[in-house]
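Here is the structure we will look at, set down as structure tokens.
Chain IDs A, B, C, D, E, F, G and H follow the sequence of writing; residue 1 opens each chain.
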Amino acid sequence: MNEAALRLLLDQIAAGNLGPAAALERLRHLPFEDLGFARVDHHRQLRQGAAEVILGQGKTPAEVAAIAAAAAVHAPNLLVTRADPAMFDAVAAALPDAVWHPRPRAITLERAPRTRGRGTVMVVAAGTSDLPVAEEAALTADLLGGPVDTLYDCGVAGIQRLLAELERLRAARVIIVAAGMEGALPSVVGGLVAAPVIALPTSVGYGASFGGLAALLGMLNSCASNVSVVNIDNGFGAGFVAASINRL
Amino acid sequence: MNEAALRLLLDQIAAGNLGPAAALERLRHLPFEDLGFARVDHHRQLRQGAAEVILGQGKTPAEVAAIAAAAAVHAPNLLVTRADPAMFDAVAAALPDAVWHPRPRAITLERAPRTRGRGTVMVVAAGTSDLPVAEEAALTADLLGGPVDTLYDCGVAGIQRLLAELERLRAARVIIVAAGMEGALPSVVGGLVAAPVIALPTSVGYGASFGGLAALLGMLNSCASNVSVVNIDNGFGAGFVAASINRL
Amino acid sequence: MNEAALRLLLDQIAAGNLGPAAALERLRHLPFEDLGFARVDHHRQLRQGAAEVILGQGKTPAEVAAIAAAAAVHAPNLLVTRADPAMFDAVAAALPDAVWHPRPRAITLERAPRTRGRGTVMVVAAGTSDLPVAEEAALTADLLGGPVDTLYDCGVAGIQRLLAELERLRAARVIIVAAGMEGALPSVVGGLVAAPVIALPTSVGYGASFGGLAALLGMLNSCASNVSVVNIDNGFGAGFVAASINRL
Amino acid sequence: MNEAALRLLLDQIAAGNLGPAAALERLRHLPFEDLGFARVDHHRQLRQGAAEVILGQGKTPAEVAAIAAAAAVHAPNLLVTRADPAMFDAVAAALPDAVWHPRPRAITLERAPRTRGRGTVMVVAAGTSDLPVAEEAALTADLLGGPVDTLYDCGVAGIQRLLAELERLRAARVIIVAAGMEGALPSVVGGLVAAPVIALPTSVGYGASFGGLAALLGMLNSCASNVSVVNIDNGFGAGFVAASINRL
Amino acid sequence: MNEAALRLLLDQIAAGNLGPAAALERLRHLPFEDLGFARVDHHRQLRQGAAEVILGQGKTPAEVAAIAAAAAVHAPNLLVTRADPAMFDAVAAALPDAVWHPRPRAITLERAPRTRGRGTVMVVAAGTSDLPVAEEAALTADLLGGPVDTLYDCGVAGIQRLLAELERLRAARVIIVAAGMEGALPSVVGGLVAAPVIALPTSVGYGASFGGLAALLGMLNSCASNVSVVNIDNGFGAGFVAASINRL
Amino acid sequence: MNEAALRLLLDQIAAGNLGPAAALERLRHLPFEDLGFARVDHHRQLRQGAAEVILGQGKTPAEVAAIAAAAAVHAPNLLVTRADPAMFDAVAAALPDAVWHPRPRAITLERAPRTRGRGTVMVVAAGTSDLPVAEEAALTADLLGGPVDTLYDCGVAGIQRLLAELERLRAARVIIVAAGMEGALPSVVGGLVAAPVIALPTSVGYGASFGGLAALLGMLNSCASNVSVVNIDNGFGAGFVAASINRL
Amino acid sequence: MNEAALRLLLDQIAAGNLGPAAALERLRHLPFEDLGFARVDHHRQLRQGAAEVILGQGKTPAEVAAIAAAAAVHAPNLLVTRADPAMFDAVAAALPDAVWHPRPRAITLERAPRTRGRGTVMVVAAGTSDLPVAEEAALTADLLGGPVDTLYDCGVAGIQRLLAELERLRAARVIIVAAGMEGALPSVVGGLVAAPVIALPTSVGYGASFGGLAALLGMLNSCASNVSVVNIDNGFGAGFVAASINRL
Amino acid sequence: MNEAALRLLLDQIAAGNLGPAAALERLRHLPFEDLGFARVDHHRQLRQGAAEVILGQGKTPAEVAAIAAAAAVHAPNLLVTRADPAMFDAVAAALPDAVWHPRPRAITLERAPRTRGRGTVMVVAAGTSDLPVAEEAALTADLLGGPVDTLYDCGVAGIQRLLAELERLRAARVIIVAAGMEGALPSVVGGLVAAPVIALPTSVGYGASFGGLAALLGMLNSCASNVSVVNIDNGFGAGFVAASINRL
């Protein structure tokens, strides 16, 4: 439509109905979106996999349901993160084929196949308390650029559990490592593989963990060079970045 | 040699000179490195590009030169980061073809072609004060998985400078965005592209920038989903991660 | 009354009933308020628009209602900020024409026209979660020095949404920009306009947003020069400052 | 020139030398700057007063001099902030009429009259140690939107010094208040006037002042509603914001 | 009793029943309390006024009641701080003449006159939200070393309210100043009087007040020299210190 | 079984069914656990006392009960830390001889005698609010390397209470000192004894205790040289370290 | 003079040369200082002892000397704090009887006897590194309200050194306790005496002392109730407060 | 002598020259040190090994030399920590057999054999930059309770280096683990051994290591249960604690 509007304007010039000076003036004031910017998002969606993402936190169930229903008209696949059961009930009333994922607290709608990347995204988690965040990462990565393999409960204090799975670790194209407390696991994993490692600090811990700050700082100071970091408990972000790499 | 030792042990079993029980006991106590671990590093080096990396900071010029000379026997390419002119003088005395890069404060030795990735690594920098860190990232990425394209001096307060280069931004396979002060640039870039973005906070600023903390926190809280973050002023790490992605 | 007391004292001097030395002594000990200071507030109220402001937080509904009723005797317009429904019920029992604003959680009483400034106050908000704070700013500014225009849901990760509204942005005399997470939006807006920009950090976010600290630090370090900042979630303050500028 | 390029393109359409479809394609890829964005900066400069601003910190004297010389071709007035005597020597070699301001550590070039606002910008400073920052604010404001009045050495522990100047305070259109240590002065000033107050925290202090953090936090939590805040020691920013308000 | 034990030992020496060497050995191992230390507390109690103080927070109602009942045997006056209604119910069941103070959330038992100091303790509070903490200070000071005068709701943004009460302020022997938010009031009061000022930061505020940290830092950095500080919300401590000064 | 697999492989070599080269290749890919690593944990358990430890926090009652029941098959003694009554109910349904310890909020199962060390572990606590954490330390130490002696309610503000127990303090082989607020007690105790002191900061306090940070920092900066520190409220860790020392 | 001006005005009224209404108007606009405020400082100086205090830090030697010379005209005694030898040279050139105190880095001029309080101010210091700050406190207190007694090198890790001086401690009317590192000494002292204790944190320490923050937090959280705190390294403030108490 | 004084007093009682009541009074006022406290230090020294420790930092070379010379009269062995070459020169002038240790920046005097513990203290260091701190720990532990074994340059990013030395690690009675940056090594080591592990964070790193804070927090949050922590860069403390354990 915007393109149509611009074409109309150009047609008018070509037809002599609009002088160059007047056209210049109009063009200068056209909203940028009208010049094709809206397609940016369209392009991005195509490349990033056919899933619209909605952040549930801070919205009412009714708002989430309304946005999801509107998005579902165009996007075959949906992901609602940081959701709760009430949000799911509202969404399911509008979209009965929506699915509730209790541990990562996410809602999905899948009407098209999940996007696949070129390799496997490995999700490693240090402890069982890290699983909600790790599974948000796994679900996100699998929707947008999987498949995903997982390796749970292999914290650094029992390093042999990790070493026993070296082959699977090295088979991954990109690795997400979720850990709370001291957040040391990404450094150990990073030293064992050549793939890019996305460190995912969790708020698991107490006292001087300061809500995940200790893990976050540890990961930012990793002595392994192939490690980059996302926000505390940001499983979605870690999964998104991993998928964007795996789709390359 | 380790492999030889292990083969000798196995030969002894095959020859009947060593019983399985005794062999079992010996194997259990063999240092892991002897079981092939040393090759892990070898493998990684091959995949990550033929460059040995030495952190200059905290070492004396003599130490840096000694390590560099030893490494140059095996590794055709070397990178010394966080170096200073005195370190370069010491290195150049031993390795006359070493090169000093003043802005990123790095030393390189290049006796083999630089490693190439599948696409281009774009390095974006917000201001001229961010250039030392950005160029450390660019040099690292180019050595280990280039080529590299750069886009400097396009901070968010003059957003049109960035928008004018949208095509080049979108042509990159992975993007590093260096910024100090409020660290907002990675979010803007992340919203314009589908490629993974590595946010590189710098310590540029004063007052409440708290040595780069403001930029770091800003980047960790990016509302763009394709952004992951490295430590403040860690140009080397950003370049390393970008190269590891571009080599995929 | 105070003025009357002072006049009485001066009359006594004029009438010869009080010697200058005794008058000097009395004047020195007169409370300052008696010298006309109380009118300071009166003057300020006139210039700042006819609205008395009550901070609801930390008061009981009964206390809020009592203060509001007392204030309404003199002030035609009232604003109660950080209120809750119970406070509104108590106020409405005393002042039936009070109005409840659910999103900004504010109560207003409007018996005189709202104060108008010389231009328009634009309120920009990055995301829908920022709306409660942004609307507190908008309501405050509109009461004390509007009119107000709003531009919501245009965060930096989708910069084209902002660019599409450049004309409206540039038409404003003063702009409030509310954002949580990385708080980058004020820098981008500041770079696009010449008007003063009031950055309003919100506590929207999680993990390393540290309750809005990341956004606050980002805004304080803005590379746009025309930006000043208020406290986290201080929509009232931002609106008040904007109104004080727009009334100039 | 950009405008010329666009006009040429439109002329080509009008002349029938370029079809609308091809024109559409070209327009879509034109750098945004070519569509008039460059004038944004031009417009801003005109409205903000004819002064180009260069941040000296983090640049070499030669770089500062080169940028200043290039800017002086177009901009009659220049301001170099956070400069040092070596920078001034380099600038003065190229621009002999440049002036060194030792206390605010700034360089100016003034070939056109300073920009005037509609009222007076008052700069208040708590102590003599705050003067370098306060004078940077005063110089900036005076160049870009003065005139400026100043009121120094009137910290809150001697409140009568401030009260004695109430008339001058109330005569200002916008007020900058610089203070270190506990940073209480903006609250007191804010309570005495109706004008917008820009709080400027300085790093003056020791121990638990934490480099100005105490003053910054105090100002952000001001109980005076007409106060907004800039970064620690950001005299330039405070002056710039004040000028942008005074020019309204 | 301990004294008796020591006297017995000395009697045994005097009587020749215990040799000096054996006595030396026994004395070396006597618990210190047996040497008279227990009287330290007794002495202190006498000098500090006849009130036993119990911290309610972190104890069960039954525990508080048991401790209070035991203390009341010896101490005519009791103060339970950081209490709640359930604690009061339990205490009142055992001590029917106990009194509940709802705003400072304290329980008192007064069977002897309150301790009086040599002058008056003035308690100043910035806003109504600071009253619970301020009244805990006032109640404590009045029990242990009053009398107490109070001056509430005179924050720095309306400085004339404070100045109007200068005579009362200057009449006090020691002054407690409670304030939240920017915590500027102690500096202003400290500048107006010669008496020692005890700054009492409260957790009143939001956002960058960080639970009273902003007020605490402000007070520690006070430019008034006669100011010392207690912990956030530590009304009891401020009152205790003031009483200890007023009793001098 | 793993050992069996390895023995089989070695037997094959010995039998000539597998050549050394092929064996070498297989050995290199054997998961490390298969080389005997799993016995690490077994060994450690034997040396550290026959108690399996389960962290209750972050698990559901059903999960805790399932893990406890599985562990109880092999481990005669169990300790569940940071538990709650619902967890105990679930555990007791599966293991009726489990015991609930309300103050330290722990569950134990004791079917074998507790492990004894060579000396006594002393647990000192500053105040009654520190008891839940101190008793978690005492219970842990007693299970894994007791016996334990305790000395409660002897904070530094009444130093004579501590001095009176000097003999008992000096009789201990290792001492845990739990304290909140200013956390000064470990320094005082450390100065009185030669034994290693484990400082255990608690979150007891308010305001500027910042959830135990003040106590933690105090202990880390202890001027007594024989002090090391564990995390805030980490009674389990303190008890575990003390037991590991006492078993030496 | 101001008083003269006011008297003139009153005389004019008395003489009938100025009507009450006009006088009212003039009085309202008289600067407050003219109403006698300047004498506030005069009064305070008299009560606080005849010493003018100049903060050297942040001033040039010439500035310090000029201020000192001007002050010496009226004030018989001077104290320059945070000075350096160059400042002393400049001051001594103007005031040859000035004295340099190297450890507390202070300059004094004493032409009148030091002010005496009613009792003794005791200054306790934990270690020898705390002496510069402790001696600044001692010198200040002795000038403004001494005499001063001192007790140095008695940190909490050797508590017997403190206990051995209990009599001297208890003889003091007010006690300053300077300590770095964990800052535990004020709590111990506070528990041993009934006098008010002023805790003076120093920046002595390293690592997690964070420039005195650990000591500061420890002192703010003191479990001794008679403790209040001043800023890190603020020996002057501690001495000033102690003197103000001792003069009561 | 003190003991002699006490014996004299007892003798006087025994001789009837002093009545019990008078003796009681005298005893109560005897300084504690006179009752045997001085021997506490003597006892401790005997048990902790015959080495007096002097903290060089914050003292002048002359002061260090004077203290060392005085201590050397009684103590055969001395350790001066945080020293510098100038201090060594001064000490060596007085004690020619003193030895300078450049990497740990320590001075020793050894006239008696070093104290030996029951096992070996292992000192592990992550990187070469951690060696100054690690060697201070090793030297301290070896003087006060060695022998010491060391394992350097085995950070977590190359975990195989650590695993290759498992036997040596497990042979130690107590282990010190020094690491900067993310500080993950103590967790890994703690998981591999049953011995107590003393985590020693170093300030090695940059950016978000915040001077060792990241390593410190990581170690405090270790998921290995046998880990306790000392202050950043406190090699002396780690060595002291390890020696106190190894001497048990």
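FYI, contacts are C-beta pairs under 8 Å (C-beta built on N, C-alpha and C of every residue); 3 or more make two chains touch, one makes a residue touch a chain.
These numbers were taken from a predicted model, which means no experiment stands behind them.
Touching subunit A and subunit F together: B, H.
Centre-to-centre spacing of subunit C and subunit H amounts to 59 Å, using the average Cα coordinate of each chain.
In terms of their C-alpha centroids, the spacing between subunit A and subunit H amounts to 50 Å.
In terms of their C-alpha centroids, the spacing between subunit F and subunit H amounts to 25 Å. Among all residues of subunit C, those that touch two or more other chains are 32, 40, 158, 163, 192, 207-209, 213, 216, 220-221, 225, 231-232. Of all possible chain pairs, the ones that touch are A-B, A-C, A-D, A-F, A-H, B-C, B-D, B-F, B-H, C-D, C-E, C-G, D-E, D-G, E-F, E-G, E-H, F-G, F-H, G-H.
By the touch criterion stated above, subunit F contacts subunit G in their complex at residues 126-127, 155-159, 163, 181-184, 187-188, 190-192, 205, 207-210, 213-215, 217-225.
Per the touch definition, subunit B reaches subunit A in the complex via residues 40, 43-44, 47-48, 53, 118-119, 173-174, 192-196, 198, 216, 220-221, 225-232, 236-238, 240-241, 244-245, 248. Within the complex, the subunit F residues that touch subunit E are 128-129, 158, 160-161, 163-167, 204, 206-209. In the complex of the two chains, the subunit D residues touching subunit A come out as 3, 6-7, 10-11, 13-14, 16, 19-21, 23-24, 27-28, 32, 35-36. Taken together, the subunit G residues at the contact with subunit D in this complex read 29, 31-34, 37-38, 40-41, 57-59, 63, 201, 203, 211-213, 216, 231-234.
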